[in-house]
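The block underneath contains the structure these notes are about, expressed in structure tokens.
So that you can tell them apart, the chains are marked A, B, C, D, E and F in the order they are listed, and the count of residues begins at 1 in each.
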Amino acid sequence: MNFDSFGEFLAMGGHGFYVWWSYLLTAVVVSWILVWPLWRRRRFFEEQRGRLRRADALGQQTEVESNAPET
Amino acid sequence: MTAPLASEPSLWVLFRGQLRRDLKLAFGQPSELANPLAFFVVVITLFPLGVSPEPGVLSGMAPGVLWIAALLATLLGLEALFRRDRDDGTLEQMVLRAQPLYLPVVARMLAHWMVTGLPLTLLAPLLGGMLNLAPEARLPLMLGLALGTPVLVLLGGVGAALTVGLRTGGVLLALLVLPLFVPVLILGVSAAELASSGLDPAGPLLWLAAGASFAITAVPFAIAAALRIGVETG
Amino acid sequence: MKYIFDRLRWPDGLRRLWHRMGSPRWFYETTGPWVPWLAAAAALLIGVGTVWGLAYAPPDYLQGDSFRIIYIHVPAAYLAQAGYILMAICGVVLLVWRMKLADMVMATVAPIGAAFTFLALATGSIWGKPTWGTYWIWDARITSVLILLFLYLGIMGLRRAIERPEAAGRACAILAIVGVINIPIIKYSVDWWMTLHQPATFSVTSAPAMPPIMWLPLLLNVLGFNLLFAVSVIQGTRTEVLLRERRTRWVTDLCRQERA
Amino acid sequence: MSEPVLDISGLRCERDDRELFAGFDLHIGPAEAVQLRGPNGAGKTTLLRCIAGMHPEYEGRIELLGAPVAGERLLFVGHRPGISGLLSAADNLRWHLDLAGWRGADSVVTAALTRVGLTGYDDVPCQQLSAGQQRRVALARLALPTAEVPLWLLDEPFTALDEAGLKLVSGLMADRLAGGGAILFTTHQPAPELPGLSTRWIGAAA
Amino acid sequence: MTAPLASEPSLWVLFRGQLRRDLKLAFGQPSELANPLAFFVVVITLFPLGVSPEPGVLSGMAPGVLWIAALLATLLGLEALFRRDRDDGTLEQMVLRAQPLYLPVVARMLAHWMVTGLPLTLLAPLLGGMLNLAPEARLPLMLGLALGTPVLVLLGGVGAALTVGLRTGGVLLALLVLPLFVPVLILGVSAAELASSGLDPAGPLLWLAAGASFAITAVPFAIAAALRIGVETG
Amino acid sequence: MSEPVLDISGLRCERDDRELFAGFDLHIGPAEAVQLRGPNGAGKTTLLRCIAGMHPEYEGRIELLGAPVAGERLLFVGHRPGISGLLSAADNLRWHLDLAGWRGADSVVTAALTRVGLTGYDDVPCQQLSAGQQRRVALARLALPTAEVPLWLLDEPFTALDEAGLKLVSGLMADRLAGGGAILFTTHQPAPELPGLSTRWIGAAA
């Protein structure tokens, strides 16, 4: 451990402001990067669920590309 | 609250409708709001690259650079300002039906300003910082931009309206309009420079304010008249 | 290029793998199980590296404790460039082999790479304040990272502006390729030009040779951020696959399962 | 004969030193429709633009309900659709309402789109519609409340329309006639059946 | 000498035809040849006004200013470069029938260069004189412009082709294209500055020459590919 | 039956998640003309663009004389005229010749303009022509020597034309058929009399 107390650790030898700002910013950006695709994925499933429910309620086959190529 | 048709047409509806339409055309999605902002940062980057990256040199050039960026941004969208509307016939309809034509013209110019002058004014402190602008010059520069960019847009609008039906677009238009921009440029730059040498920038700013109020009231009439001519040709 | 590639005598297995890799469904189903492992490894590496870097590494003899920003700054700067190159490679694959998956990866990488570019700029300029006394300086590396950010923003803007995903993909591929040819040119020209004006004072390159206790956490963080990048790209691409293939049977079935 | 809505007398117009028409008289009363006919380049569009005030180089007299023509009292649909391809149909029509300063609910836009058979297409950018659908958007203006003006000027309204579209549009025209409006229109196709329709030839020698 | 249709189509005819058409569109009358020249004089005037009229400052800035004017001129006409053709369907025809599409693309870019890069290159000594450019820097500046402006036009063409069918024209286009312009700007400016400090400007000029020859051969393919996409959308 | 010029089988195309046509087959032999019919938005223009290679998102097979379609072997006249309004008719046509790399005298341009009844209008900017005259300029391409290609794709060629214009253009089409070409065209108007003409409906339910 390079610091003697937690207060010193926070102070970072007078550079605390800069160091903690950088790390905070990084934390925010990184969590955004990680959460965004998951959020989009959840929203997609919700939408599709709604669509499928509507389609089922109408008693129709959902439109499905029967011969969609796999590549 | 469906009003009967016989009621007096609403000027406010006319203005708001045009503004809404033009903003929709400028920003399809809210994410596109970032484009003008990014554009200004790129333009500013050209100067350290082209002229000199030294903080001392840059800080002297800063007001001029920001103002030249404003001219450039105003010029860039100018050719398309009425051309597309003319081509698809919406300009015709506007000239025919809008009563008075003054209002949609103001709305259109306001929309153009919101893509060019407004973002630049808001970014000015940041861009000034990147160019080492003296801190005391920041506010006068912003004020100058806030007052001067509407004038640029309006003067540009006259040029755009005059050339709307013509073949020679871009270059001729720029040539018409740039000399008109010169006084604004001079006043805006000198406000910032006075402030950075510790003097009072009120003089040029007042002139700019006077120019802006005159331009806002009078120039749209000129644009409207030019548009009528542009529609007749075709 | 495709001509040469197709004529080469690839082992059958490799050839099959290449074709299978083109299938979004294959990608979705194969990479699913990877994600938790990758994420765990990333968390571990970054956790250890960061705590080590923040709390245990000794302060720099010149910059004091502000140098601890390096543990996020360098990985971010590195990934900013790697992301763009990845995008351009995907662009080539898309244009030459018409592989849809490449487009989906490209679409996903753009915002992630831009985010890392932004991070590199932000942490760098925050770091600049204590070391150089100013947040912004027109140094070579800084300027070229700024331009890189604009290349990213341009690609993202272009993709948003084009309605048809097919067309958007190819347009972005063209731009990414033109851009990637420019990246080294931009980097070297800026480097050479700015240093012509700015002798070594602000040089970022002359990092003092660090003791292992300082660079080991950096290494851990670089590896960790790489894994993080991978996790994020894989997750993003998986979502993109679902969105683009929403009308195929396998995705509909998947949605039905999700519902159950 | 009742007081004419549109009253043209002694109209003369030339373009490129060629006389298009001279001594041209036309009187259209309320609930009357006139189909303007003539070969390509005869001057039909020019005549409509003269009436709308968008071609001031003419001699003669044009009056709308006894007064000089004012843009707000007529509805002009020209060769150019007056529709922005970048905006959706609903946005375009909403703008046309706004232009007239019309205070009212958006529901009239949906109603107008339904009248021209475009239900469900209201939020697609018009660029992405077929030629006939775009034409229908332009003509949906005829179904807006702001279309209740004394005179309609329609320049080849049936272009690109299929048979169903033609019926819908001629239905709108018939409604306007029933409401006491006057219509002057051009078309090279056989004109639809309209009450009070007459034909007027212009510059038979192109 | 009516050749039978069955004869091999002539590449030269294709190239020349496109060039002739584009020049006709750019210069309806010979008098319009003066417009680009006047434009540059006006643009150059902005800098003494906006930044500083002192000869010492100006002479240092001169290469940067001239190069930034070149970027600006290239940008201004860019949006209209393919847009009008797309709107009236001629772009469609070009993509369908031109065999190879490469040639008319090169012709189009050449025409655009003749309105922007060429007049600037020719005017450079005059404008440099107005900005107190060191005499020994004139030739390197001109050479730099002659080699660099084609690259600007070509890179700009890629951006214009990529955005041809889009609503967000101007600003997005500038944002796409300006970062790509950076190396040209740097090399061009540094050639002139090396020369004005008495050093040998051959290095950057050689790089520019290499860049130009690469760009002229490779970039039109990218433009052609982008145009194909732009036509498809319609 | 002789070898077909245009051979389409199993064509399927969708737009905005709506299937326009599927399992579409069409074979056009030399000297045959097919009029494509269908309501607005049925997909006629889309089909023509698929054939011309300007709409790549389709499934199925399209062959021109047994090979994939190449732009130089067909002539496409779309909704957009392919004519620049700023240039004169002659310049426009000259450019169309140049595009095909055609080495020959300018006299063919004058001849083509004469064939569509535009004698004397060759040096007016097309902007200043009437709608029908502009359409005629676009169609004058059919009378150029470069129009002697196996397949013509004409999307509503008769728009804005008067009766004389319609005759002239159908005359050009008949000539091409006599020369062994194939024509696929759309129109909502009654089709002109042509030898070897058949009608093909598409997506009757819009």
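Going forward, a residue touches a chain if its C-beta (ideal position, glycine included) is under 8 Å from a C-beta of that chain, and two chains touch if they have at least 3 such contacts.
Keep in mind it's a predicted model, so treat the numbers as computed, not measured.
Q: Could you tell me which chains are in contact with chain D and with chain E alike?
A: B, F
Q: Looking only at C-beta pairs that count as contacts, which pair of chains has more of them, E-F or B-C?
A: Looking at contacts between chains, E-F has the larger number.
Q: Going by the average position of its CA atoms, which chain sits the greatest distance from chain B?
A: F
Q: Hey, how far is the Cα centre of chain C from the one of chain D, in Å?
A: The computed centroid separation for chain C versus chain D comes out at 57 Å.
Q: Taking each chain's centre as the mean of its CA atoms, how far is chain B from chain D in angstrom?
A: Between these chains, centre-to-centre, one finds 36 Å.
Q: Quick one: report the Å distance separating chain C from chain E, using the average Cα coordinate of each chain.
A: Distance between chain centres: 32 Å.
Q: Roughly how far is chain A from chain D, going centre to centre by Cα mean, in whole Å?
A: That gives a centre separation of 54 Å.
Q: Hunt down the residues of chain A that sit against at least two other chains at once, touch-wise.
A: 63
Q: Where in chain C do residues touch two or more other chains at once?
A: Those would be 147, 150, 153, 157, 161, 163-164, 190, 193, 247.
Q: Give the residues of chain F that touch two or more other chains, as numbers and ranges in rising order.
A: Answer for chain F, listing residues that touch two or more other chains: 17, 56, 79, 86.
Q: Can you name the residues of chain B that touch chain E in the complex?
A: Chain B reaches chain E through residues 25-26, 28, 32, 35-36, 38-39, 42-43, 45-47, 49-52, 57, 60-61, 63-65, 67-68, 71-73, 75-77, 79-80, 87, 115, 167-172, 174-175, 178-179, 181-182, 185-186, 189.
Q: In their shared complex, at which residues does chain C touch chain B?
A: 134-139, 143, 146-147, 150, 153, 157, 160-161, 190, 193-194, 197-198
Q: Can you list the residues on chain F that touch chain D in the complex?
A: Per the touch definition, chain F meets chain D at residues 16, 38-42, 44-45, 79, 117, 124, 128-133, 135-136, 156, 159-166, 188-189.
Q: Please output the residues of chain E touching chain F within their complex, sorted ascending.
A: Those in contact with chain F are residues 1-3, 5, 7-11, 13-14, 16-18, 20-21, 24-25, 28, 84-85, 87-90, 92-99, 104, 231-232, 234.
Q: For the complex, which residues does chain B have touching chain C?
A: Residues 28-29, 31-32, 34-35, 38, 41-42, 45, 48-49, 52-55, 58, 129-130, 132.
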